[in-house]
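Chain naming follows the written order as A, B, C and D, and within any one chain the residues start at number 1.
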Amino acid sequence: MKIGIIGLGRMGGNIARRLIRGGHEVVAWDRNADAVKELKGDGAIAAESLADIKSKLGTPAIYWVMLPAGAPTEETIEALCAEDCAEGDIIIDGGNTFWKDDVRRAKTLAEKGVHYVDVGTSGGVWGLERGYCMMIGGDKATVDLLDPIFDTLAPGVGSVPRTPTRGEECDPRAEKGYIHAGRAGAGHFVKMVHNGIEYGLMQAYAEGFDVLWGRNVDHLPEEERFEFNMAEVAEVWRRGSVISSWLLDLTASALAQDQKLSQFSGKVADSGEGRWTIDAAMEQATPVAVLTTALFARYRSRIDDMYGDKLLSAMRFGFGGHVEIPQ
Amino acid sequence: MKIGIIGLGRMGGNIARRLIRGGHEVVAWDRNADAVKELKGDGAIAAESLADIKSKLGTPAIYWVMLPAGAPTEETIEALCAEDCAEGDIIIDGGNTFWKDDVRRAKTLAEKGVHYVDVGTSGGVWGLERGYCMMIGGDKATVDLLDPIFDTLAPGVGSVPRTPTRGEECDPRAEKGYIHAGRAGAGHFVKMVHNGIEYGLMQAYAEGFDVLWGRNVDHLPEEERFEFNMAEVAEVWRRGSVISSWLLDLTASALAQDQKLSQFSGKVADSGEGRWTIDAAMEQATPVAVLTTALFARYRSRIDDMYGDKLLSAMRFGFGGHVEIPQ
Amino acid sequence: MKIGIIGLGRMGGNIARRLIRGGHEVVAWDRNADAVKELKGDGAIAAESLADIKSKLGTPAIYWVMLPAGAPTEETIEALCAEDCAEGDIIIDGGNTFWKDDVRRAKTLAEKGVHYVDVGTSGGVWGLERGYCMMIGGDKATVDLLDPIFDTLAPGVGSVPRTPTRGEECDPRAEKGYIHAGRAGAGHFVKMVHNGIEYGLMQAYAEGFDVLWGRNVDHLPEEERFEFNMAEVAEVWRRGSVISSWLLDLTASALAQDQKLSQFSGKVADSGEGRWTIDAAMEQATPVAVLTTALFARYRSRIDDMYGDKLLSAMRFGFGGHVEIPQ
Amino acid sequence: MKIGIIGLGRMGGNIARRLIRGGHEVVAWDRNADAVKELKGDGAIAAESLADIKSKLGTPAIYWVMLPAGAPTEETIEALCAEDCAEGDIIIDGGNTFWKDDVRRAKTLAEKGVHYVDVGTSGGVWGLERGYCMMIGGDKATVDLLDPIFDTLAPGVGSVPRTPTRGEECDPRAEKGYIHAGRAGAGHFVKMVHNGIEYGLMQAYAEGFDVLWGRNVDHLPEEERFEFNMAEVAEVWRRGSVISSWLLDLTASALAQDQKLSQFSGKVADSGEGRWTIDAAMEQATPVAVLTTALFARYRSRIDDMYGDKLLSAMRFGFGGHVEIPQ
């Protein structure tokens, strides 16, 4: 198919490349001219402006917007609609957009006859080679029309063993690595929850390794101390244990390089999806204590000097005359 | 009554003083001779050794051991039993002993005809003036016999308003500030849970003030910023709000001195009771997520460099190529 | 002062009564004519419609809107502004409004020269007698002008002991039970955090009593069992302990009536403030794990049949062949 | 090698079978004669009593005890030592023993010249085919001597991709699925933490699917509702997403059979390891809020009628006159 890719950063660039390798025609654009040039070298048709893309696409025009969520994506879609969209055109938002923005946009664009599709994309920097896991929201006809695109981007059946209980009547797309999750917004909703889970999984591993690492210290009594090798533990858990996972593979890889993880400061960032998952849970009154606790551990990691902790010390001093532990 | 007090630290010394003021005869001993001397000045009978106490007490001898939990208390009680105890004597442990140690000791001492009473004591440095809230475990006859001691130490009915629904048939001791909670171990069990709750309450206030304090910053957009005065907020909540409490009184007092709490580092200690409450909850499969989260917040406050956080960063780098937030 | 009260429910009615008792002139209105009639009997001037209030108030007109947050409050304020407001008039929102709605409204009303004041009110059904603890947002001149109103509604200095460290130069209003917390929105923000803390405090007590109650059972080994009396424990903790509070007073009162709490189902509601506190914390990246865990415990209390729990069982069956505990 | 297996339940029986298939000589015993008979049919040498095993083993005798942790294991090891052990013999505990019991036993047995090895085993009912992931504690010489046993039981390198950063100098055993984690106790310690992490991972998935499932309901406003297919979501996440894992494979398998999970009640059991992980964390003051929250969610799942929740309702009634949500 012919498709315009807007935004050629780490994600957009590789998505364009994977599509080109898969035989699609890609019209590429980015505010950064070098990124366009580089992708031209990889086989893309270079666009010179947002408006120029339209002229280089067929009918209907299909745009894949791959920009940071929020203003950059919003403004680009508005600009596309304002001038360049015709009835029947398709705008795909492949970024990390808040799902309620999808719901709103889909409604607005539908009034102009433009189809809106939201694609939550997982796979990170590995997607170019491994393929992208995609969760898609939008109307059925449009999602079906775009199937060749998704089929190329997805990992494909590959070497992942088949789920043994899965009947032949099940949608074959899931086994290739993409699903039509529902109406507009559904794709980013599922991707959002995916990220919420991701935080919880990561924190579970982090806490477990913290307990192990905490035994490799001098200040515990000798009989409570061990000398665990973090890299060996991570490696063995990859092999037949209940907790094997891709995140554990990455952990084993990092620990094999340096089990002290000296190059990392431990100030951990978080993105919108973790927070939105909590919001969605609150909206529907679903308890998600692990996902939230995991998010808050990241906040805490970035705070050097915690006001609330000082308040605890102040109260302890107040009722018990306790002075703080010497620094 | 005549009673021996062993351990004249911050708690033991004031308990002795309150008993003397209440007309009891106190035989005082401590490894620190100066502490004994000081208390003699306050009206106590000074003992020169652990053994010397016995000779200065009546029959049955009543000992109040007020030492750090664990080895100091254990060894002192063993020493008392080995040499100085006669059938009918009473040993009170007023410290922060683990309740299962009480259960064990009561059984061992009972074989010698010695009565063991565990007293969980709340009130901190304020107890000398305000009186001590006491939760008592032991056999009924002994606890009844000791009533004059507890009556003196307790706050008394004072100005705390009567619980309106409380019937006349209720045990009047609770309204004076002490209860017979049950058999040996019950006193320290209730005190342990009291401290578990205390951690939870403190953390709830700490988090709330953290949210307020976090609005007094420059890096938020102007319309999301406020200039809250922490001291005024704490003060107003003392007055007719649902969250008024003694801990809030102490908070207001600390904040009125310095709402920045600059003298505190925020490295917050914890004592055994918080942990034992979690253990007790796990023994009976009761979920106590708030109490545990509060305890863990204190652990976290004392860690500068968290291994698990580095692991999170390592995973994020692994799947997304994310580099950490610059320091 | 002369003031119109719109909304004569449990809160609004008592606020009107307390103002009348304090010598103010109250013009009362509610959609429910009986409520108006009843308040007329208590000394209010009855209004026959929203529009009628204006004619019965002075200049500037002062309105206190005391309605459920969201649509009822929003629509009422819109209606007041559309027709009945003149420059200089004052609209007070005393309900549980989301603070960002205050920020927006204050801006909109300011364009018409109308002053907007948000008052977070704590004290519940006890406010008529005890007075209301109030956290106020708005411009200084307007808040100062309204001082006689707040002074009447507040508890006053009363019998709450003075915070000893509080200097004479501090704002005397806090000690009477109200503060000017900042610009519009600040009042409801502080009240929101108050409620967030309230959830945390309540859950801390609930978990502690759960641990105690969980020992009064037959299925534990005898040496791990006690027979705690919940009413006596709550009562004694009111007396000199570190965890005494108004919430504990209420707990003691409920337990003195029936320590089994048989009349309660344990399905616990929550209101917007708890959720908004989490939102505010996420906006500023402040960890509030205890407040959130407390909120989620309420959600969980209302769920009979938890999908996620079934999923845990399904996984356990998957890897271990574990069948579930028989019901 | 020749080895005695004591305990032929789900785990012990399959371990024996995998060893026999691998060419080892297995002397099998169980209190249940049918289990012995069945294993004899699979090629084992049947023992008629605990004592009989010794006579059928070589020198040194090697025992693999595969019994429930606690009394069954303890008493069996005591019985072996009392009569049947000679200097140089080896006792392996392959169950889910508490690591401090290992430390104690290793010390006691060492006095008799008997070697103690603790093996934490993961892999569940899949181990016979997939192999067992093993974490081993004990002295180096003994663990080395037993290598043929572990090598047979482990999954082997198989199809799991090599960790790319792993140097050639790394211990090759980890890549085959077993490690020598350290001195006695280290094996069960690492296995314990493995299970702690397992709880956290499972709860993260459970919460995420709960959020998705919670959107498939009628009571939400239409624009907040979706119709997610749980089986398709689980399947697609197995394919190139960041959260792919073996637990997710099992989840997908369960959901493909019945996305409503109707056969499960959702009362979720827990075993000792989860609790011991919290204990270990408290011993070393490491915060593990996610692991603990996950454990507590299981406790909560088993409680129909929560005392603490009733207390929350009682407090709400106390301060606000709130009556509970109708059932």
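The criterion applied here is as follows: a contact is a pair of C-beta atoms (placed from the backbone, for glycine too) under 8 Å apart; a residue touches a chain by one contact, two chains touch by 3 or more.
The shown structure was predicted, so the numbers you read here are calculated from the model rather than taken from an experiment.
**Q** Minimal path length between chain B and chain D through chains that touch?
**A** Each step joins two touching chains, and the minimum needed here is 1.
**Q** Which chain is most remote from chain B in terms of Cα centres?
**A** In terms of C-alpha centroids, the chain at the greatest distance from chain B is A.
**Q** Just the number, please: Cα centre separation of chain A and chain C in whole Å.
**A** Each chain's C-alpha centroid was found; their separation is 38 Å.
**Q** Take the average of all CA coordinates in chain C, do the same for chain D, and state the distance between these two points in whole angstrom.
**A** That pair's centroid distance is 47 Å.
**Q** Please compute the C-alpha centroid of chain B, do the same for chain C, then give the distance between them in whole Å.
**A** Between these chains, centre-to-centre, one finds 31 Å.
**Q** If you look at chain C, which of its residues touch at least two other chains?
**A** 124, 126, 203, 205, 207, 210, 214, 242, 246-247, 253-254, 286-289, 293, 297, 300, 302, 319
**Q** Name the shape of the chain contact graph, picking from line, ring, star, complete and other.
**A** complete
**Q** Touching chain A in the complex: which residues of chain B?
**A** Within the complex, chain B contacts chain A at residues 10, 124-126, 202-203, 205-207, 209-210, 213-214, 246-247, 250-251, 253-255, 261, 264-269, 289, 293, 297-298, 300-302, 305-322, 324-325, 327.
**Q** Contact residues on chain D for chain B in the complex?
**A** 242, 270, 275, 278-279, 282, 285-289, 292-293, 295-297, 299-300, 302-303, 319
**Q** Can you list the residues on chain A that touch chain D in the complex?
**A** Listed in rising order, the residues are 103, 122-124, 126-127, 130-135, 154-155, 158-161, 163-167, 170-171, 173-179, 181-183, 185-186, 189-190, 193-194, 196-201, 203-205, 207-208, 210-212, 214-215, 217, 220, 223-224, 226-229, 231-233, 235-249, 252-254, 256-257, 277, 280-281, 283-284, 286-291, 293-294, 297.
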